[in-house]
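After this come two complexes, each holding chain A, first together with chain B and then together with chain C.
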Partner chain A sequence: MRLPSGFAEWGLALGTALVAAFALLALIGESLMGQRAVSNIIVADGKTYVVPPLLPPGSKLEVSGREYVFIMGTDQLGRDVFARVVSGARFVLTVAFLSTAISAVLGTILGLLSGYIGGFLDRFLSLVMDSMYAFPGLILAIAVAALLGVGVLNISLAIAIVYIPSYFRMVRGVVLSLKSAPFVEAAVVAGASPWSIVTRHVLPNVIPQIITLLPVSFADAIITEAGLTFLGLGIEPPTPDWGFDLNKGRQFFLAGYWWIGAFPGLTIILSVLGFLLVGESLNELLNPRKVES
Partner chain B sequence: MNLLKVQDLWVKYRTRRGVIEALSGVNLSMEEGEVLGVVGESGSGKSTLGFAIIRLLPKSTEVKGSVILNGIDLFSLPEEEIRRMRGKEVSMVFQDPYSSLNPVMKIGDHFAELMMEHGAASSRGEAIEAAGKLLERLGVPRERLNDYPHQLSGGQRQRVAIGLALILKPKLVVADEITTALDALVERQIIDLVKEVKRDYKTSMLFITHNMGLVAEVADRVAVLYAGKLAEVGDMREVVSNPLHPYTEALLRSVPRIGGSKAVKPIPGEPPDMRNPPPGCRFHPRCPLATEKCKLEEPPLVEKGGRLVACHLRG
Partner chain C sequence: MGLKEHVLYRLALTPLMLLVLLTLVFVLMRVLPGDPITMLEGKNIPEEVLARRRAELGLDKPLHEQYLNYLYSVFVRLDLGVTALERVPVGYFIAARLPATVDLTIAATVVALGIGVLMGILSARYEESWFPQFARVYSSVVYSIPVFYLGLMLQVGVARPYGLPTTGRLNPLNMVLLDSLPVKTGFVLLDSLLNGRLDIAADYITHIILPALTLGVYISGVFTRVTYLSVSEAMVQDYTRAARARGIGEWRVVTRYGFRNALIPLLTMAGLQVAALLGGAVLTETTFNWEGLGLLVYEGILKRDYAIVQGTVTIYALIVAVVSLVVDVAYALVDPRVRY
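This part shows the complex of A and B:
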């Protein structure tokens, strides 16, 4: 196996490693950490021990002959910060995955309809989508999240709505240029039904563009999710979540307990960086114009 | 019975800068198995004629007259019926083979989709089998069915496009400038292929081109279009050896010939602006023989020696 060469390949390697690590955390993190993420009580030999709050990173605790290490310390309620960071991956990534999937599917369908049918429908949808696009994303998500309430599906929907216009605009643009492409015209002349023209001739030619947008909007969704839960929307304590913990930690930061917020914040940055690296480097590597040069 | 009958066909495009009259009262008929060449410069309305026959003009287009194919008035049919006829009764080959095939579909899938859509094959395998046979007769190896369009050369792609137009055995094939995007050598091969197809399949073909030389090779009859009107219609041999309309004459003189004694003579001037076509004979501003009458009075299309011609001087 050869080493990666150039920015794009290194970016892809690093990004993939980060994404894989976070995906693994999302899958097994919660079961690995068990109750430690949500409770300050350690049960050993039938007895319960209360973990003291605000332990600094690296603290050790001896409980009936077993040593517990808190590499990221404990928070204001005595919960293990490391356990919360690890367990938090599932909620964030589930929401990011769901919202990206919802917005990609809905945005693509609406973009196809709007671009292919055109006319009044196109004008109406474009107006709605452009107004949504012009609105600050987080504010729109806050409004929808406040309306829908807590829960994975609700917060995913709130974020999905923000990103529908990105997919819509991109798909619509490609469809408009494909609609007059000679091979589409040839299919019409050959008597293809509108359904087969859209699904067999137009959609397959839009998919590469959608794929390059996916990782970037996934990273965006993570940030928006963190923003919403930072504000306490869409999540119910004590569910471990990076954005929520970042906000709680902020209140203790000036008092010197920096670790409560710093580690969740760092994790947000790393996960977003991972997906952005994958997106950008894929974009770079898959772009035929750049491959040739 | 005529296979195709175009009666008093008027086509007007409404654009932001005015109404463009692309076809003004065109009458044509075609017999079964006949190749009719349609010749004219850019903007003469020859492609509009092709699209009107398969009823594929933009919705905003104003169309009058009728197109009768095999006894069926195409303009009176509902959209769904027209869609079923396209490909099966009338098919079309386009100018640019580089963009008329879907880049993400294999050649075989092009055939499979077309044949299954029209119920000509019940499975992909059946379609591939039939497509393979046809392609081999058209000079494309069967293995090409597993390739994507970009893996084929321009000539091969145009052969595939011709195959797609023939596979459902349509009554009429509209070939719109099918060699214009190809280089001279490949053009020759495709023209030879068209001649073979004409001989072996007895398909009627509307062969649209700006090149009088190509028409002389493949067509049985010729219709010369100028500015949306027919200038001359007649048997190909007669038209080529003894053109009646001055425009036909000029077109013939503008075809270069290797070893020819006469120099190529381009037609002076440009085709008229179709938002505002000239009064009288539409060719009069460029006609070397034009008289006062030509400038004022529109010449009717009249019969002369088995041919139709629209000229005051020659009619």
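This part shows the complex of A and C:
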């Protein structure tokens, strides 16, 4: 799309700010708010106070002279919604990071092999990857997550499987176009081993393309993660997680306790939007003439 | 290759693709760690019960035999197994649920095309205004909103104030009435019309509006972009300039000459979006309690009924293979340039 000048720059700035904010939350959020995210008990002066459930946003509570503010209210179990939103960043971003890394690495390796070796292997891998690509990603992830069970690594694997074909197809395409490039042919003639051709001549040309795919892939991973945990897959309570909390808040939504689900949902949108903006703006700034659909 | 050869080639390729997809389902379900019986009964069931249940499901046989059995029962016997809890054929559940998902995805596609084409054409027509930027922000934001969140927002913000139903496919009374109708296809709208029950049809439509809107908005961003790109590409071509020079109004140029350029990309995109639609339908159906395949998957997960999950995923593989065949053939029919 043709855009007015500055649009991509603004998008990049806004996206980077959002991504940085969420990265910070993932790093320190849990240590700041972790306790209040999983428990409704405040300990002060050696005494314990039970936080009431379903407090509306902005509620204040005085516990032995100290004031606690619940800017996003409390959930059905009296846990601080703000603390859960903040602490949830760690689980979500860890899963997004792991799954993106797994799919990028596996997809790249398979794409390099398939493109460079060619022949039967290439046909076979392409058929498998194209079939996976055509299959509804979320349903594939659901099937894997349902079998692997709960845990950070398990849910990351379930998401990673969905996105391997994207990397595979891209890398394979680049390899095929590079295979007949003069500098690769020169390396072949000079007697370079296939391993060194792939790692020293082909791979460096693939990496920039992979990097432009990463932020959007990250955004996709967050959306998929939210979908899986919304269905109750891959996560064990009381771990704070946006998709899971949104599902739990669903039944309270129509009863008027909107804040339990609304804030985790907004957080999902902001985090996805952040990575999406970075990815799309980068793409536009780096390949100004390439019109993507 | 001529048109006929191309269609034949695609027809021949479909079973191959299906085989790959079914193999994928098999690998996921049988080779990955996680056992359907311990999933259902817990890890502490007695050894002999475990062995008996495994034998019942044929899980004690070697993997290659299980694989051939799976392919044989799907392809030849058209059998998807029985549910673990009720011991009812999974195919029975799927047949009952499939029409609801078909209705929902068609309605959502209509919504998505409506929004996408309208916004795309407006963007191309008023290229110099703020509208293209708005459309651009719209597509990014819509992409970032989880479907289920959008669904919840519509339930609270639209269903409540305007008195639309928030869940289900029909009012409870009509649900019972539907069962007693003489002519039955399984498709609620079709059945109510065939039996002359306009009231049930109207009830169904009020129920489908919000789920269709949710799922449709979710994929409408892609259609907006495709339409805008193709129409604005056509607007700088010689034939549109010639049309303008002949004194044809700008609106007519955009809709008649520009929009035609978007038809084939839109068709391609609609085919590609089927996967996204089916995935999004799982979340939409769960949010709106819409009794389709997606809700069946969710229930299968909740009940830990592995046969339901496997059977439904198998049906999804069939749908994907058939849809990609249909889109490919339609593509070749519509675009005379496509001959591989």
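What we mean here is this: the second predicted complex is superposed on the first by the 282 of 293 C-alpha atoms of A that agree within 3 Å, B and C clash if a C-alpha of one lies under 4 Å from a C-alpha of the other, contacts with A are read in each partner's own complex, and residues count from 1 in each chain.
By definition in this document, contacts are C-beta pairs under 8 Å (C-beta built on N, C-alpha and C of every residue); 3 or more make two chains touch, one makes a residue touch a chain.
Nothing here was measured: the structure is a model prediction, and the numbers come from that model.
**Student:** With the two structures laid over each other on chain A, which partner does A:265 touch: chain B (first), chain C (second), both, or neither?
**Tutor:** Only chain C; A:265 stays clear of chain B.
**Student:** With the two complexes superposed on chain A, say which partner A:160 touches: chain B (first), chain C (second), both, or neither.
**Tutor:** So A:160 meets neither chain B nor chain C here.
**Student:** Using the touch definition from the top, say if A:204 reaches chain B (first), chain C (second), both or neither.
**Tutor:** first
**Student:** When both complexes are superposed, which of chain B and chain C contacts more residues belonging to chain A?
**Tutor:** C
**Student:** Going by the contact rule set out at the top, does A:112 touch chain B (first), chain C (second), both, or neither?
**Tutor:** After superposing on A, A:112 lies clear of both chain B and chain C.
**Student:** Which partner does A:188 reach: the first (chain B), the second (chain C), both, or neither?
**Tutor:** In the superposition, A:188 touches chain B alone.
**Student:** By the touch definition at the top of the document, which applies to A:280: first (chain B), second (chain C), both, or neither?
**Tutor:** Second partner only.
**Student:** According to the stated criteria, A:253 is in contact with first (chain B), second (chain C), both, or neither; which is it?
**Tutor:** second
**Student:** When the two structures are overlaid on chain A, which partner does A:42 contact: first (chain B), second (chain C), both, or neither?
**Tutor:** So A:42 meets neither chain B nor chain C here.
**Student:** Would you mind writing out the residues of chain C in touch with chain A in their complex?
**Tutor:** Of all residues in chain C, those touching chain A are 16-17, 20-21, 24-25, 28-29, 32-34, 39, 127, 132-133, 136, 140-141, 143-149, 152, 155-156, 160, 166, 225-226, 228-229, 232, 265, 269, 275-276, 278-280, 282-283, 286-287, 297-298, 301-302, 306, 309-310, 313, 316-317, 320-321, 324.
**Student:** Give every residue of chain A touching chain C within the complex, in rising order.
**Tutor:** 1-4, 7, 127-128, 130-132, 134-140, 142-144, 146-149, 219, 223, 226-227, 230-233, 243, 246-247, 250, 253-254, 258, 261, 265, 268-270, 272-273, 276-277, 280, 291, 293
**Student:** Spell out the part of chain B that touches chain A in their complex, as residue ranges.
**Tutor:** Going by the criterion above, the answer is residues 54, 56, 83-88, 91-92, 94, 96, 99-105, 113-114, 117-118, 161, 164.
**Student:** For the complex, give me every residue of chain A touching chain B.
**Tutor:** 181-193, 196, 200-201, 204-205
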